[in-house]
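Following are the structures in question.
The two complexes that follow have subunit A in common; it is paired with subunit B in the first and with subunit C in the second.
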Partner chain A sequence: MTKQYDTIIIGAGHNGLVCAAYLAKKGQKVLLLEAADTLGGLASTREFHPGFKASVAHTINQFSSKIVGDLNLAAYGFKSGKPMQSVGLSEDGQHVSIANGKVTGVGQSDIDAFARYTKMMQRYAKAMAGFSLQTIPPIGNNSFSEVLTFAKMGLKIRGLGREDMRELLRIISLPARDLMDENFDNPILKAMLSWDGLIGSKMAPRSPNNTVLMMLFRMIGEHRGAHALPVGGMDGLINALSNALTSSGAEIRTSAPVGQVLVNRSKNGLSAVGVILQNGEEFKAQRIVSAVDPKQTFLDLVGVDNLEIEFTNRINRLRSDGYVAKLHLALDGLPDFNGINIPNERMIIAPEMDAIEFAFDDAKYGEASSEPVMEVMLPSLRDQSLAPEGKHVLSAHIMYVPYNRKGGWTKKAKDQLAKNAIKTLSQYAPGIEKQIAHAELLTPADIAESHLVTGGHWHHGEFALDQMMMMRPTYEAAQYKTPIPGLYLASAGCHPGGGIMGGPGHNAAHEILK
Partner chain B sequence: MSKIKDPFAGERLKETPFHPRQSALNLRNAWSSWNGYLFADCYYEAEYEYFCIRNQCGTYDITPMQKYEISGADAEAMLNRMVTRDISKLRKNRVTYVCWCTDEGRMIDDGTIFMLTCGSPSLAWLRKSSFGYKDVTIKDLSDTVAALSFQGPTSCEVLKKMGLSKIDTLKPFGIKHFKFKGGKLMVSRTGFTGDLGYELWIDPKLALDLWDALYAAGEDFGIQPYGETATNMARLEAGFIMPEMEFNEALKTIHFQHDQTPLELDLGWLVDFKKPHFNGRNALLREKEKGTEYMLTKLDIQGNKPAEESFLYSDKACTKQIGYVTSAMWSPVVKANIALAMIKTKHLDGDIWAEINYVKELRQLSKMAKCTVMKKPFWAPARAKATPPGPY
Partner chain C sequence: MKKYDAIIIGAGHNGLTNAAYLARAGLDVLVVEKNDYIGGAAASRQLHNGFWYSNCSYVCSMMRQAIHRDLDLTKHGLVLVPYLGTVGFADNGDTLISYHSEGPEYNHLRARSPHDADAMFRFQTDLARYAQLIRKTLLRTPPDPTSFRPRDIKELIFLAREFGTLGQKEIYEYIRFFTMSAAEFLEDYFEDDLIKAAMASPGIIGTALGVYSPGSAYILLHHVMGDVDGNIGAWGLARGGMGAISKAIAGALQEAGGEIMTEAPVKQILVTNGKAVGVILENDEELHANIVVSNLDAKRTFTKVMDKKDLPPGIYDKAKNFKIRGSSGKVNIALSGLPKFTNVPDNRYINRGGQAFLGSLETMERAYDCWKRGTWSEDPFVESVIPSAWDPTVAPPGQHWMSNFIQYCPAELADGPWTPEKRDAFGQTVIDKIERYSPGFKKLILHAEIRTPHEIENEVGLTEGNIFQGELTIDQLLFNRPFPGYAQYRMPIKNMYMCGSSTHPGGGVSSACGANAAREILKDLRRKNTVPEDDCYDE
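Moving on, here comes the complex of A and B:
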């Protein structure tokens, strides 16, 4: 009665889509099950007000060109957009801009330093780029191929040469603040450069850990760190992926939330053999890939009774509280940003690193910052279908907004946060508050609910030294296989992590097809 | 008399509810500690107490043993994942001996399930094990249940005389409940001596009453308290393992694989691979397929010098070391020089020699003794398993 698939993939975020597309392309019979009625997960475009649409993730800066090529996405309508400028806003309109690897709006010494700094970072990013599309072997196995992988990684870094390598090792775990202070003078430039090392993490400029790695990780894309939007917006990518996989014969079901991974228990042990939807419908397959975050996968869908005790506790301990909120504004007209003609670039509102630090201080103690720092875009300027004619959508990432607010996310607290964010915006775009037809604020707690991501976390789990590479999400599940035969992971919660890049989906498919 | 605050209050060992009687009998004042309780090594002389266990009967205070009550709809599922044996078949009023392992199959501890008892505090592990189960409650009963192990060939007779009706119909690993002085007395036919014996579980308030009733009934049956040293002798004859002797609790082991697996400890019979899932199953299955590196082995050793802490070799010339002795003694009942030893599995079929170091009037001496592998426990009298056990 039930149809037998080769692979069932749970979750049609971009990673689920990428994984499905690779498997279907190899001839596997694939079923992709998505809880929402749209595809793309955090990158899905959803209507938040009649006629106005937005996606939680609003730019792309690291989607893998290898995946674009492998899956022939161009043939399915994917066209990567031109790189955007990043603009560090100044209240008086004296903005700092970065475009084509050059900075303007700062003094000559910063211009020179930026050229040097960028070159150096580009070399490091290049040396590390390969790791992201590669399974990182577990420690201590010492099989030939695994030792070889480590050796190759080592060689790549050695290939940087002695000077560069020393410098990389010196700065690798530096707080953003130290790195910026060493190199630059302009406070806006420092704040906007550290932004890409921080956003999505529970870290601020003074936190040592993986800020520099994060910056490098975000520089491995086609535009070497510059952000872009594909033609047709986020949907340009998501539609190309879904077209690619349906044309290889894969089936997609939306509004199909999975309630349980079906684990067969016999004297031969455990194996994942299917899924049961929340409505009771059952599907069988040879293997199950979960492109849902690891915590939900194991604790909710698999269940602890099928897991080992220490493993369970490691999964439970994963740090996965999100700190980025989303603000979507439906605007009656184009807002007027001081000193900007058409606000169609990526704008950062953080006048100095301390502004970011202080916003973090509030969040660390369970409060949303009263002076939030933000990354702002008007996606409707690049994709007219997102708003009715003449109207616009403003999309903003707000840092830092704790998933776990002290006292909970009451309506009052949410209203206050939205008010604070809009007030900040109006300092740079006076009068914007009068243009707002509707405001949607998604705290991490809201995102957890609306997008089914634990903690509403950007990376499905903190992307930091303790949860990286062969530790991501935790050992015994870091090579996309899990302790349960037949069950694989493929979401941002796996190496190489989150952001719209496709690495986890690609690597999981590679392990399955091995 | 003014009350002076004890500056060491928190450091002092707790006294068990049986302490007033036991301290009166502890002629040697030979105390050590177990899980924070004052605990007798021996009362008068270990050998003497040992002979009580083997020829008459004796009590051993197991109050310090850790006891947990695990309840709720998911309690069985939780425990069944935690322990290597299948406890879904465990019937009411039965006790089962179990062990539990880390994810890597290294043994954390062993214990019995009726309530869960074990040698070391395990609350943290139980909590970890219960995470994710909706309906499980774990209660630490360690300080709220007093317990006496009552072992020896006359033990059944004494309980009968004490008025525990039909105690002789209680099967090994069975449990019976009795009314006692307005309270409840639970008796399980369990123990750590390999002989006929029982364990008595009671509200601490009734502990001294129980003691008095038992000692009154046992007067003509040679009842005596015994301590840790005698226990250790008896359990070795029975072939039972002891933490920090045969195994190092995995959660306390620092060095890689300086702990053991149940398979290495010859507890393979406790590991039920037919059970689809339990903690450590994958690792243990891999070990089973590969074969264990070491195997806990019973040895009968030439001569009469206990092979304590001896190294074992495959030849008399000591060219190849193949293992080490974990516990050893001259066994009076078996009249043999016995030991438990960890021996490299692949050498089990060859010659085994023990290098025994001993002291003779302050001279350090050493000799080589040939060892024979024993399959059965050294001491396993028929009465230990018989129901009724028969009069003695």
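Moving on, here comes the complex of A and C:
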């Protein structure tokens, strides 16, 4: 006897949770299935050493405040944290900091340039913002409302005024390096500003076409690009979402990995009618929403025999290899960073753009850089529950670490990478190596395995012009519907894309409720 | 003192084309050229007795047929010979041969990979289709997307319609091609490394991007959208060298009464109350005209031959930021005989056609990594052709000259400026590489001319020796070329225009920039337009 639901959602990452919450709120009978024993996917907080916890995504910089409002998350305990400073570390302690739209630690000309630059970028981000929370129609034979969406886009851009529009059309495809060189002198400032356009992607400062879009995308959040940690850490958000969800009657099942999406073949075609768990348990629903990445959804769960061959090719060619490793350190005490009293901000270790570029060069050939560049923070300073009294957790994103390492990710290779990363850290926080009680390194390959995301890619698919908007993940699946009636997508592999933002979950829910 | 209707600065092929069309419209035009020869980077030069080098550009494909016919360049002596049978060399000496007929081509590919033999057909058809769309824009003036003038809106609609005719599916595929890296784009078609490398190589020629840089797929397209006698993607040699093209255009110009003044380097463009009125030569001679057209690249035009105070605010910085990066070198070699290459059957077509010393995608990308670090690779990508194998007029009987184009060669070295010693070391690297694939090659060498970006800039005047007069990235294409707001060949100074490859549609010996600029000038003068529409529409 199988139970019948309105909607089954596969994957309780934040997008799955958001989508489920919207549907449940509208009174749907929703079942949310999660393979892991914790909710939140890449934002889930897990214990990596007795008493020490961390999450792969360690900050939030763009979670939609509309979603917070719609789902009344505040009532369920969500409180967005104060925006963090970004600190570009310098070995001699002469750091560059960016806090509430102002930069310090650089020359006057850079201070002025930065003010101009951020104003400009924020105008552009504002013009884009609206479209992240709506479905982007396909190109060609459009309905009136769809044409209207494009018209609105056009007007938004024209609304910037002639000079701004011209500049936008020029810089939108610029490599970070050129944009920075045109605006600034300070090498650390240039590096840290490029960072947000590059992290999580297969791009370096000299790579054209996609970086500026990524920067703008990350600036549409409430803090205009500044990162923050919610009260209670990442769990602060995830718990609020799951509470909102359960209180509106949705069911959540953890440790319930889905093995297959049930596709019904009848004379009027295919349709998704349910799922079978890996343990053989079966659930039926009117529709299935997949919040796991498109490649897994179609190639593993749906199966290619249910897909048109060209569509399969397009899913196959999705570029979704991750390039970021995660380092978690359990520390006996507070590390002592040169020139920083309390290291409770977001710190970036990349002395200049070339340091980033050259780290990328190693990754191109399947090697991790011997001089890694990274983004570091100590979440335990903002959420005591993550580490025992007096002890701390250091969380670092390491670029660029290839998913496919030449020769594979042997233990030796992982140890070497961890060693290099810790060596780099100790140049900025002398003695840190002696404070380490335990170190966990997650390569993209590890993340793929532990968090069940193809390629270990944060965004489920490279954030590139040809994999954006009505092309994300690919045409015929970019409006959250798929070629298989009853099957929807709601993952970061859809517009607007990755990051703890909630857009895909929100948009998918709205398509379903249409 | 004589006043011309128009003075064109620089007798490169675009400057000559521009002048020719203005002259044919009845204008009294003068082309001033700093060198003692015309042609700029499309020149034939006898630098060793009896050997005529095309010492910059060396093959021709982009030349717009409409212009070729309209200016009757054939009558003025231009003969294009398609050349065939390029051989790609891998690091291990393995070779990939492109035959001139489909049968052998397919069988040869099939021997390497049946998968790729089939994919090649799909790839070539896709490429030709994508090329066709761009080809339609070459002889048109880009619209200003910020303007509401009927003409700009009409042009925008034209582009949208042409784009639309691709059909929904094609549009998406097209966007991929336009924005992806050559390597990643090719991964979707091919499995064989050498085939990928061979197909990717046009994606890096002349640009400061690598095969893995997004945007290099478009450069690839830029190099295959040309044609020889309507055969899209084919490359040809100009009989007598690339100078024959410039000479033919100059012939059309002079026939229409235009003048050319060589050894007349321009010191400065004369501007009086916001209007361009002529030029001052290095020898302080003043030449006056109602219109000044610069065929120099955008950076050189605004930062070298103009007075900053004559420019409206912002333009100088735009020019300073204009991306025109030196990334290519050239080694021209006179040979006492025809070199033999290992693993190449002795077939007249293939061992006298082009040679591409590819290595692999990784070799090419690592060469780019060297460029980023301000040095040249010990194992660079070299594209070669032996024109004398096809054209007896460019070398003494039985002897040959070989054109070698090298990607990458930095304009500035990390260890200080270029010196003759470094230049020769660079040349030696190239010669050593060829020797690896053609034992005994060195013994054939009679003379070699080695050109780094430094030599190319000093002689031809291209900033950093960039062969396109500016990178072909989206931020510098179509209505962004050279700068947003100035893509319609009119410059911020009244009566001043640009007609070089810094303008749409960009680099390559196409004559399109010069012709488009002429069309705009004649429009402003309310003269009848004599510039032809492109004729590639129903191909």
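What we mean here is this: the second predicted complex is superposed on the first by the 514 of 514 C-alpha atoms of A that agree within 3 Å, B and C clash if a C-alpha of one lies under 4 Å from a C-alpha of the other, contacts with A are read in each partner's own complex, and residues count from 1 in each chain.
FYI, a residue touches a chain if its C-beta (ideal position, glycine included) is under 8 Å from a C-beta of that chain, and two chains touch if they have at least 3 such contacts.
What you are looking at is a predicted structure, and each value in this text was computed from that prediction instead of being measured.
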| item | value |
| --- | --- |
| Contacts of A:T424 with subunit B and subunit C, given as first, second, both or neither | neither |
| Greater residue coverage of subunit A in the superposed arrangement, subunit B or subunit C | C |
| Partner chain in contact with A:E357 - subunit B first, subunit C second, else both or neither | second |
| First, second, both or neither for A:G269, with subunit B first and subunit C second | first |
| Touching partner for A:E167 - first (subunit B), second (subunit C), both, neither | second |
| First (subunit B), second (subunit C), both or neither touched by A:M471 | second |
| Subunit B versus subunit C as contact partner of A:P208, first or second or both or neither | second |
| Those residues of subunit A which subunit B touches in one complex and subunit C touches in the other | none |
| Residues on subunit C engaged by subunit A in the complex (per definition of touch) | 145-146, 164, 167-169, 171-172, 175-176, 178-180, 184, 187-188, 209, 212-215, 321, 323, 362, 365-366, 369, 372, 473-475, 479-480, 483-485 |
| Interface residues, subunit A side, partner subunit B - complex | 265-270, 299, 303-313, 316, 476, 483 |
| Complex contact set, residues of subunit B against subunit A | 77, 81-82, 102-103, 125, 128-129, 131-133, 273-277, 279-282, 285 |
| Complex interface listing, subunit A residues touching subunit C | 138-141, 158, 162, 165-167, 169-174, 178, 182, 203, 206-210, 317, 319, 354, 357, 361, 364-365, 464-466, 470-471, 474-475 |
